[in-house]
Amino acid sequence: MFPGVDGFHWTFGHVVFLGLFFAVALTIFTTVVRAVWRSVEDFRSRRATAICWDLEFAGMPEAERCCRHELAGRVAERTCPNSFDCRRCAEYEKFAALPASSPATSFGLDYPAGRLYHRGHTWVRPESDGTYTIGLDDLASHLVGKPDSVELPEPGAAIDANGTAWTLRKGRNEVRVRAPIDGTVVETGGADRGWYLRVRPEGEPNLRHLLQGPEVTAWLSKELERLQIQLGAPDAAPSLADGGILMDGLMDAMPQADWDNALASTFLE
Amino acid sequence: MASYAVADRRWIERGVERTSTLRFALWLVPWALLLALGVYAAGLCLRFGLNQTNMDNRFPFGLWIFLDLSIIALGAGAFFTGFLVYILKFKELKAVLNTAVVVGFICYSGAVGILMIDVGQPLRAWFTFWHPNTHSMLTEVTFCITCYLVVLLFEYIPVLLRNRQLRRVPSFLIFEHRLHLLVPVLAAVGTLLSFFHQGSLGGLYGVLRGRPFAFREGIAIWPSTFFLFILSAIAAGPSFLLLITSLVEKVTGRKLVEFSVLCRLGRISGLLTAVYVAAKAVDTLAWLNRTSPSLGFAPWEFYSYKPFGTWLMLAEIVLFGLVPAVLLLHPKTASRRGWLISAALLVCGGILLNRFILTVQTLALPTLAFDEFVSYLPSWQEVASFGAVVAYGVIVYSLSYRYLPLFPQEKREGYRVSGR
Amino acid sequence: MKPSRRNLLALGGGAMAGVVFTPLPWKLLDDTAIWTQNWPWIPQPARGPVEVKAAACSLCPHGCGLQVRMAAGFPVGVSGAPAHPVSGGALCPLAFGAHQLNWHPRRLHEVRRRGRAASWDAASMALRAAAAEGPVAVIDGRPGRGASAILRDFAGKSGAYITAPGPEERSLAPYAAWSGVPASALGYDLESARTIISFGAPLLDGWGTPGRFTRLWSTHAAGLGDPELRLIQIEPGLSHTATLAWRWVPARPGSDAALAAGLARVLVEERLVPAKGPVPATSVADAAGAAGLPADAIVELARMIAQRAPALAISVDGEPAVAALNLLLGGGIVQRRETAAPQAAAIAPRAVVIDATVPWEYEPASGAEVFRFAAWDGGGSKADWLLPAPGFLEEITEHPSAPGSAVASYALSPALMDAPADVRGAAAFVGGTPADAVLARCQEIFRARNGGLYRRGAKDAVPLASLESAARLQDELLAGAVWVDDPAGSRKVRCELKEWPAAAAGTHRGGWADAWSAPVLPPLATKLYQESNLREVPARSRI
Amino acid sequence: MPRTLLAFAIGFGAALAAGWGAFPRVLYQKKVQPIEFRHKTHAAKSGTSACGDCHALRDDGGFGGIPATASCAGCHGEPMGATKAEAALVNDYVKPHRETPWLVYARQPANVRFSHAIHTRLAGLKCAECHGAQGETDAVKPYEVNRISGYSRDIWGRSMSRLRRAPHEGMKMTDCEDCHRKRGVEAGCLGCHQ
Amino acid sequence: MKKRRYGMVIDLDRCTGCGACSVACAAENNVPPAAPRATERTGITPLRVQPVSNGASGPARREVFIPLMCMQCGEHTPCVSVCPQQAVEVDSATGIVTQMPQRCLGCRYCMTACPYHARYFNWWDPEWPAGMEKTLNPGVATRMRGVVEKCNLCHSRLHAAEDKAAAANQREVNPADYVPACVEACPTGAILFGDLADETSAVARAARAPQAFRLLEKLGTEPKVYYRSNRPWVRALAEPRTVPAKEVQRG
């Protein structure tokens, strides 16, 4: 194999053969090393969360990749090409300027106007000290009810928008809640305190990707509709939409339903 | 629902339907038993030596080599699809790319596994790398298959890391993403390697000057079988993929790919089979009239030993070559599922027959004037160890099908259960 | 701080990366491969210098000269002694594996009485008790040795000393009957014959001394269209000898006597030989009918035989008609100059002692208590006592004239190995001192001053007279020399034949495996019987 | 990230330590020669320092190797001193005429054919070129046996990496080949294997 | 040392088919006795004797015994080029085709390549009855299961001859010191052995004789084992069979 090892000959055929072999082996090796190296680079430049989210988003069924402007009735039909990250969207202004038409009802759910909503069912509230409070929105809270356990990041930990903010466990289900914004955790709350995290973003954050105003109810309507289909059971209908009031602790109430799927869709797993 | 079923469900891609955990487990049981039996048989061979087989000094290659050659040829779909998708940009074949990779990985790893039992001293296998005889086709095969198995592994890893649970680990997902972006490089390397080792597997027999039934002249260091094996492998690869996909669709009762993709595979296979048949016919004529007589052997003698008559040669070229080529190329038959599958079966059968003839008939025929025509029947250990490879393939494929996005379009296009 | 999954993965990755830069994986790869080259359960040869020792083969009565290569005190290879006066450097195929026989799984290591372990004392007492009750017969497979004298003396006057004939002696039986000379002292004068008619005798396949006829054949006959030495083989099947013979006559089985008579008839009628002695009554047509041959073929065969004289007819069965035919053709049977034991009168012995030299198949008359000496258990023995004897090259062995040889000879073979602790020869068991007997035999030869001594490799003999003493002769013999009588000492045997003999039914067919009188074959004989299609597995499955 | 890196480094370091430090200790088993022997003393007392005087070639070209016990008996028929080793030699080997089961450092496996005659007579190699200055040692070093292959450690050489070894160290096939290549000798497989 | 091409001429007219060569070969090369289940197709007989008939029936029927071993091919050596790890080579000094079981991984490709079926696989680990290992020839290492072996022209005897010459400060081997076991064992002296490169040697002269032939000569493998026979039908066995097998029956 190498000069000096028995069987090595300085003949044309032998050298060409082994040369080709080493070239091939080196190509395979460098390809794999390059993949590893680029992955490390992705983490180091904090691109990783965004890439992961992009990949997850690309795998979502088309129906679930609906643009906020479609929800708000500003456009007839539009699939989001930007992984729900309106900060990257070149056409955002164009659509945002159009008039919205949406149901006025919030289905008995509590969606205060002062908050911004993430498509993974978290809300963000700017505080006076420049921090932002993050919590689980009312639909998610109704679904989960009281979680069995919550795994929150330590204060000081960094979270990235669309990355995992914290984890909820309920029964056999484990839910990763997506962070609505980037920032450093300054304080942690919990289910009983009504909010989960307080984070301090780096500089003035761009919150354009979060839902607000009329979009929220339209989005809620679509989410409830989806939930109804997913949870499937007709007897569940009254407890869901149709102007009814969403039951608190739905997971406890309907243990037989396909929560795996429903939670995954809800929390954008 | 039992807790294991829930846990199982969490590993299955969201948005696709798979059979129940219980049914899946029941499906795996017989294969697992076959695998266990085969592993036991292989263990016997490793522990006590190859006397457990029915091979002998006159029949030193047997069932294992024949089937190894066959599954490596059938596994050629992996590199060839990669080549078509990444190098020639046949985008629609992306639908079967993942399944091709898994099938290829199974075929190659199974073949290497069997080879490790087939050689008498597996612990010395690395000598081939350390002291290679570069004149030997087997050296070339060993180097290329090993490298290609590594390539297949790294083509399979992205598919594996796409599993619903594994994907949740950000570093896995990022690595998968980065590796996937570089897969065209691997596909190119895989194509190079495959061309060489598929060819060298043919060369393995073509260089046998002492076996005029197999010996062929050729170009430079490559006998004609070198090129014929490449051709036949890339002709059969797509057919095998077509068969596997149809079979999976049949077994699972789900639509997995568009029929047009299967037709495309069939057409590629048909075209290449036609080229192969033409080349094979020319080669056979050259061998009959030139090569064999020049070594002192009357070629028709080779066909005077029953059951290896001339019918075998005709069957190989006409029934398993020309006929499926026509079926796959004729627009009428090529657009009918039944004909498509039958033709693909014939193409794959032709590969098996070709590898069988070259392995078994070559060895059975006498060379010396006073040799006898010899026969060989594999022992249960040989059959069982190969059965283990089949079982291993079925199990790996079933697990891959259940837990990995082998057919990404299945979810994207929202295919639903057909029939049932 | 708890290590996370990522930390563990990194740790493992680091270890895997690190281990590549240590000798561990590479050395393991190398050492496991080397391990397969030196698997501890596969024996390897001992180291040590190789010495070549002279010996003689004791496994059949022919006593071929051996060169034994010894390493670390054990024989590691056997080859023929070049220019040996008896075997001429040739050996039978079995001899090449004979040095492994002492470790044959059927080696006898203990006295056995009807399959159960017993002691020498018990055997000795049993023999003494039996001898007190009635006559004892002693069977000797190799008469003419010093040890034979011990056995003969033990049998004494009341008992019987019987020799067990080998294939060559069985073929000579008619001449012994007609001349009164024991078959053990008769021989064939193959060397002067120019035509040999063999009735089934496997002359080229293990009949007679290996290297005797084959050498004559290979120099004078092999591959020649009209050879100097014509071999005509009369045998139903295509045996090795038949296929190599100048002419092969596929006569019907059991027709040897008729065919011999037919041939004799033609020879006499056509005056191809001088008419002497009786003439058979069988007509040529009858003979042809019996042999399944055309009558012309018999006439032609007779003419062919007479064409190149002298002719010698040999029957493997000792068929009297063939012997009569041979006498008609001129004989070719000689009587060696040596004292042969007289034929014993038939008795009903109380006990039988069988020497280890007797072929394993020898079955004594029933009713007697049988004491069987053997180095190996060949299986199926009905003997009451199996007594372990020294094996191959484990004791000094004597090699008297080979059966069927034309001249008398005597050779000794040294003991090249130590025998197992508890083995004894028959001569020692019956109370003799074999060493003294050997010396006595040497003295006998020395006193007679006949013939000469062929030292190892020498083409010419040293006259016996040049030696100073019998002890010196013994030393020379132990160093590999062979005493051979002057050929002039042998003379043609005189047979009185009144009438053409009646046919005797014989079925014996010889061959290497049949000439071999040791109870087992060397393990490497599997190369001939099991691992090639050269030979059928011998009837006696004693491999 | 730093924790990951640290874990990687720890794994890497541990593997290095295991591979270079622990592995050779596990792989090789130390054995003590059956009795003591001093080349220096014997050379001085016998007045010869030529290796061939004791380790002689036979006439047939074979190599005598380590002298047999019989050649010890000339001087050590009775103990030459009161040491334990001396008593052991005389009582365990010389008197019962038993051969000493020496552990041979340069022992090659059965499949190797090494002709001392060709190397010393025809090629004119000095013993020390392969064996080192054995004749000047004053004690027998411990013998180390490879637990897997059963070879003496001297075949591989002391240095695990085989990079830092003395010219005579190492008796693997590649060492034979290196020397042959340097001297332009072509032996072929058959030349050195049996 | 001068280049040699060791070879032999086997006189088929003199072979009696006794098999002494076969047994002597096995003993010399430490080939074990057959494993209980070994057959003529799984045994190890680096030299085997093959009976072949002339195909006639009745008294005209004859057989010839053909000792078959490695033919020591000199050109296009089929086994050398196929071995993936250089376990086989043609020794440049002696012309002997050498097989190194210690390098062999047991792929058996060389066995498929050899038209003479002269290569044998160790299907079993070698086994000798207890104690019989003491009789192993010290010049030859035993093999293990899973490797191929064949006739190496008794190379241990060449080693011994070389050692003996070297001890006498000679570079050239005395031809009388190097005689393979089969040659030595043949009771009729049917095998002539020597250096074919030496034009004056008896073996070179015999190889040039018109009665000499080699098996499958048209394959172009240039075997160094020659056969000779006065009988035309025997010489015709050099060529491959041209009549269908069913018409040729072996007795």
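Letters A, B, C, D and E name the chains as they come in the text, with residue numbers starting at 1 for each one.
In this text, contacts are C-beta pairs under 8 Å (C-beta built on N, C-alpha and C of every residue); 3 or more make two chains touch, one makes a residue touch a chain.
Here the structure is a predicted model, which is why all the values come from computation and not from measurement.
Colleague: Farthest from chain A in C-alpha centre terms, which chain would that be?
Modeller: Of all the other chains, the one whose centre lies farthest from chain A is C.
Colleague: So which chain ends up closest to the centre of the protein, judged by Cα positions averaged per chain?
Modeller: Chain nearest the centroid of all protein C-alpha atoms: E.
Colleague: Tally the contacting C-beta pairs at the D-E interface and at the C-D interface, and name the larger one.
Modeller: C-D
Colleague: Measuring centre to centre with CA averages, how many angstrom lie between chain C and chain D?
Modeller: About 49 Å, centre to centre.
Colleague: Using Cα averages as centroids, what's the distance between chain B and chain C in whole Å?
Modeller: Inter-chain centre distance comes to 61 Å.
Colleague: Could you work out how far the Cα centre of chain B sits from that of chain D, in whole Å?
Modeller: Chain centroid spacing, chain B to chain D, equals 51 Å.
Colleague: Rounded to the nearest whole Å, what is the centre-to-centre distance of chain A and chain D, using the mean of the C-alpha atoms as each centre?
Modeller: Result: the chain centres lie 69 Å from each other.
Colleague: Pull out every residue in chain C that's touching 2 or more other chains.
Modeller: 6, 32, 35-37, 44-45, 47, 50
Colleague: Could you say which residues in chain D touch two or more other chains, in rising order?
Modeller: 58, 60, 62, 109-111
Colleague: Quick check on chain A: which residues sit in contact with 2+ other chains?
Modeller: 5-7, 43
Colleague: Could you list, by residue number, the parts of chain D that touch chain C in their complex?
Modeller: Answer in residue numbers: 3-5, 7-16, 18-20, 23-24, 27, 58, 60, 62, 65, 109-111, 146, 148-151, 156, 160-161.
Colleague: Residues of chain C touching chain B in their complex?
Modeller: 5-6, 29, 32-33, 35-36
Colleague: Please give the residue numbers of chain E that touch chain B in the complex, ascending.
Modeller: Of all residues in chain E, those touching chain B are 35, 37, 39, 41-43, 50, 52, 66, 76, 78, 81-87, 103-109, 111-117, 119-125, 144-148, 215-221, 236-242, 244-245, 250.
Colleague: Given the complex with chain C, which residues does chain E contribute to the contact?
Modeller: Within the complex, chain E contacts chain C at residues 11-14, 16-20, 22-24, 26-28, 30-31, 33-34, 38-40, 42-45, 48-51, 53, 58-59, 61-65, 102, 125-126, 128-142, 144, 160, 181, 184-185, 187-190, 229-231, 251.
Colleague: Within their complex, state which residues of chain D touch chain A.
Modeller: 1, 173-174, 177-178
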